[in-house]
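Pasting the structures in now, so scroll down.
Each of the next two complexes has subunit A plus one more chain, namely subunit B in the first and subunit C in the second.
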Partner chain A sequence: MVKSPKSNKKGGKAVKVNNTVAVNENLDLIYTLISSDGEQFQADGHSLKLSKVLSLAAKCLQSTETTIHVEKVKGDTLKRVLEWCENHKDDGPYVSKCGPGLRLPHWDFRWLKSLDNQQLFDLITATNDLQMKQLMDYSCKTVANMAKGKSPEQLRQIFGILTDEEEAELALNEPGPSNAN
Partner chain B sequence: MWPRNDVQMDDGSMTPEDQELPNDTDMDFDDNVEENSYSNGSSSSYSADKLSSPLQQKLDLSASPSRIVDVNPRVEHLSALFKDLSPNEQMEALTRLLSETNITNIRQLRAIIEPHFQRDFLSCLPVELGLKILHNLNGMDLMKVAQVSKNWKLISEIDKIWKSLGNGAVNNHELPTERITGAWQATAVSVGVVIPDHIPACELNIHRFMKMQKYGEIFERAADKSRYLRSEKIERNWHSNAIMGSAVFRGHEDHVITCMQIHGDLLVTGSDDNTLKVWSIDKGVVRYTLQGHTGGVWTSQISQCGRFIVSGSTDRTVKVWSVETGKDIHTLQGHTSTVRCMAMSGSILVTGSRDTTLRVWNVETGQHLATLLGHHAAVRCVQFDGKTVVSGGYDFTVKIWDAQTGRCIRTLVGHNNRVYSLLFESERSIVCSGSLDTSIRVWDFTRPEGEECVALLQGHTSLTSGMQLRGNILVSCNADSHVRVWDIHEGTCVHMLTGHRSAITSLQWLGRSMVATSSDDGTVKLWDIERGQLIRDLVTLDSGGNGGCIWRLCSTSTLLACAVGSRNNTEETKVILLDFDAVYP
Partner chain C sequence: MSSDETEKTPAELLSLPNEVLCYLFTFIPPHDAITKIPLVCKRFSLIIKDAKFWSTRIRNEQSVRMPQCELRHPDYSPQKSFYMIHQQNQRWKDWESQRIITAPGHMATVDSVMLFSKNEKLFCLSGSRDRSIRLWDIQNVGSGENSEENKWTVAQNDTAHSGWIWNVSRNEDSEKFYTTSWDSTVKEWSIPDGGALQELNSVNLGSAVQCVSTSGSSNEVVCTTFARRTAVIDTRSFKIVADHQLHKKAVIGLAVQGDKIFTSSEDRMMMMVDRRMMSKAVLFEYCPKSYKTSLSLQRHQLLTSTSDGKVKLYDANNFNVVQSYTVTGILGY
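So, the complex of A and B:
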């Protein structure tokens, strides 16, 4: 995910304190992110801004360093996180609206819907670890939507839950896929 | 059989038991507010291991079974060929193979594959994240979630979710009531009184029995869920459920009930038979008949503390009665004609009279504090918030007074005929006045003099008898038999509700968006003012249209009281009560 450096939109800003200038400059830097299983990705500061953990990590880097080790997130999940960030890097500030009133933007709705349950849950865990409020709200809402209007039996099917009786049976018998034909 | 011990959890996701708390001391997060929404993994989900491991077995596609299998040469041959195909060719082959095999095999395959794509999110994510997901669901869905498994039930009943669901929507209902003895024993259904959705008499006993357990199982384990569910049940009781309790309070025979108030368990009726009656709603009995006036009672109030009842009469006096003893404490003299209207705040009372004046009194001491002079004709209606008095008169004006000094601050001019009804919203200094000129005017008296009228609501063709305001939505009922819903900010009429056949006498705004109206046509109707349609008829008098009418409505969040009677003896004078209460499940 290589990005060419963006032109500095904030060129007109007066220099106030050294800190401020440093942060602004960082936004256009390209960072290398390494996932827990060693995969490498590139992202600029604008993308990283969407994660409090990542943007603070970037801020705390030594001046010559551009590599961030994202120890808690696997490669394919990190890839998706960065894909989402890429799509939202130009967004304005986000106001959290948890609850039935929250509506997902079109792109996010479709993008999240294309993930399977495992990927979705990994994503939610990642948003928690990386402190990404917006993506967390959206992905939690997506899971909730899967549960909406469903009967308990349907919920069990969708989320692969055993009834308490089935569970008890399983504990006794431990069946597995049989090779008999 | 695969022995459990050999199965690895290879899908990489960590259950809360596996998560270790990282020691990220080089990152300090100074935004504390947002932190609370993140889980640091320290709280584990409730016994998740039981649920996840059986599925992990099925899930584990790559761990090799440790048992020895007889090698089938034909299958081996096929597998070898398969391995050499490209991914696309493999897909093609798989599709082809699936179409060649039978349904039993496909089902078994599904059992292997499907769990891979299912994730029990409540058991696998930290509780805080699971809660965050559940926050997006409504009450109905949460109930279904509770039925999925023990673990899900536990998590779905956590108070936080139900508290946030309830915000705004949940009324602060009184405690579950009795309403089974006294007048409640016999229902209000009788000759000439039809309550279309009343439960049949044979089912009454069951309902009374169920009412006895006021706090159910759910309340014991999840109080906020119980509170929410009770609130929803009460709303449904009003809207569509069968009416499960009713009563009749009889009194003021052959006379008119002129005023009615409810305060807690007290119901007070005033009549032109010169008396007032005080009833206990819960017990269904009359507590006192307040006697002493020598003229008809036309207005009454109950004090905020519930200790005093005040009444105004054609005998020109105001009487203060003790709720505890039923005796009159003070008789306030001063007015020189009928006392027609009154309003009270704390222990300060303001009365309006046909003698064109208003008077301010202290009901505890009986002291007369001020006389408000200015109206040129009878004072018909008054409102008071403790500081400011708003009065409407037959001189076509609305006046604003300072109760402390007795001075008239503003005179709101605009109506072309008598002012009959007032609504005062103290917080925004908004007054709504209904007049015989058929219009409703909305005033803001903080605006410059002469510019106070902010809206002129036209549409009704007769006198407005009642109004209620919530936010910018005003509901009015009129002698032209219509209910109108207005947006006072836009000055427009949003809905017009037709159905009544003659003058509407009063209205009560209930729940979120329901309004009950009473009419001279002898019916009480329930409306949905959001959609602008009739929901149902609550009460119908057979004598309606022939003299039987409903004069007034009073309500609490779980009770509707209807003052019923006639001027020609076709219907006896009484109060019909309908119970909409529910217990805590």
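So, the complex of A and C:
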């Protein structure tokens, strides 16, 4: 099995939900979300519903609190996440259609296309951390479309990946204990 | 993203954690994922070469559970399996819209067809109850009307047998054909390039011959008859060199792999004998409710069709039932 730096999913499964709380409560309540770099945003329960992590965090708040700290996500990424949520908050339930067959809706297609690569990758990481299946599917599909029909060399250029030789070269020249003077 | 902005670090796809990359790769068409992605960098290569990546996809995306005998096979490769399943799904997705061409020629039921390729051309050999065999050129059939310039039937023999022809088989190495018939004979044929069907040999097995298989030893052909007999014929002398009559009724299903001869009969028994000792069944199954109408063997997995409308997959090493499907109607071949 390939070893990887595993991403830490925020909250999610470790938090227990109180089963006696009514299901439809607080969907119209406005919450304040604070990003990792201190930016503040407003969003209602309908928007938060699109993220498993955020909706669970909202449910677990004390009755008078409306602030959620989103520690893993930076301000500008969070802003985009919420922009997407705002657009999709009235959608019906989403059925994930894995794999290359997925088709993006018009708005999402254009919106994702307008982001640059770094913004897109940050968005994907955020959707993974916030457990937002739909946006994650759409953004991954966008990246896959960019990769379509490209040769490995072109893929490296588009995604800023070094060849193994270049990486080895870089590692050799990086200052560290072995080559310190 | 321009490359002359040397101060700005390029966007880091590699900053994504592995499980996100794995998920991302599932959106890339399988062919590209297998051939191009591993060449981008070592990390991608490690992910794509990881068997677990593909096994999980087979389970989750394709909803397929592999039988143990397949998983334990030394040649099993989850990556290849995934790709093959994907190919087959694509192929049969819209099978109703595929082209169907009816090729007239035979005058009675066609009981057996055999597809093969030679010199990169596709052919079909058909055997019918009108006692004739015909060789069809598939490319011609697909490219236009039947005519002198575009002949669909490129060779035929109208008196191939003196009874219904039940089965046709081909030996890939020797390129010889074998036909079996109600007239109790098994005949050997060859088709020289551009020439007519040539009968080379014939042997009489005493009763209507049903199945034939060339998948055993290279100089042998195995046949089964309606009089309960399973016979092995040496193609050099074209004589019966071994046989058994362990079944109690007509032997209607046959599959051979090397020294293993699998047969099924209307007596509701399915058995496997070893070619080197034909007098005893090594594996044996009696099914009171139905009998197996046909057998198909590949890599230790025996696929069978039953008279009560099921398709059953067996582990060929021990006759354990791996899976069973119910289909409406009675299945033939």
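Miscellaneous remarks
We take it that the second predicted complex is superposed on the first by the 142 of 181 C-alpha atoms of A that agree within 3 Å, B and C clash if a C-alpha of one lies under 4 Å from a C-alpha of the other, contacts with A are read in each partner's own complex, and residues count from 1 in each chain.
One rule holds in what follows: a contact is a pair of C-beta atoms (placed from the backbone, for glycine too) under 8 Å apart; a residue touches a chain by one contact, two chains touch by 3 or more.
Since the structure is predicted, the reported quantities are computational estimates derived from the model, not experimental observations.
Overlay on subunit A: subunit B and subunit C clash in the combined arrangement.
Contacts of A:Ala57 after superposition on the shared chain: subunit B is touched, whereas subunit C is not. Contacts of A:Cys140 after superposition: both subunit B and subunit C are touched. Look at A:Gln131: by the touch rule set out above, it reaches subunit B but stays clear of subunit C.
Applying the stated contact rule after C-alpha superposition, one finds that A:Asn117 touches each of subunit B and subunit C. Within the superposed three-chain model, A:Asp44 lies out of touch with both subunit B and subunit C [touch as defined at top]. More residues of subunit A lie in contact with B than with the other chain of the pair subunit B and subunit C. In the superposed model, A:Asp108 makes contact with neither subunit B nor subunit C. Subunit B runs into subunit C after superposition on chain A, and of the options 43-51, 277-285 or 313-321 the stretch responsible is 43-51. In the three-chain superposition model, subunit A touches both subunit B and subunit C at residues 98-100, 102, 116-118, 120-121, 124-125, 128, 136-137, 140-141, 143-144, 147-152, 155-156, 158-164, 167.
Contact residues of subunit A toward subunit B in the complex are 52-53, 56-57, 60, 71-72, 74, 96, 98-100, 102, 116-118, 120-122, 124-125, 128, 131, 133, 136-137, 140-141, 143-145, 147-152, 155-156, 158-164, 167, 170-171, 174-179, 181.
Every residue of subunit B that touches subunit A in the complex is listed here, in rising order: 1-2, 4, 11-14, 22, 26-27, 29, 31, 34, 37-39, 50-51, 54-55, 57-58, 69, 105, 108, 111-112, 114-126, 129, 132-138, 141, 144-145, 147-150, 152, 164.
Across the interface of their complex, subunit A is touched by residues 1, 3, 9-20, 23-24, 26-30, 32, 36-37, 39-42, 46-47, 50, 52-53, 60-61 of subunit C. Within the complex, the subunit A residues that touch subunit C are 1-2, 4-7, 98-100, 102, 116-118, 120-121, 124-125, 128, 136-137, 140-141, 143-144, 147-152, 155-164, 167.
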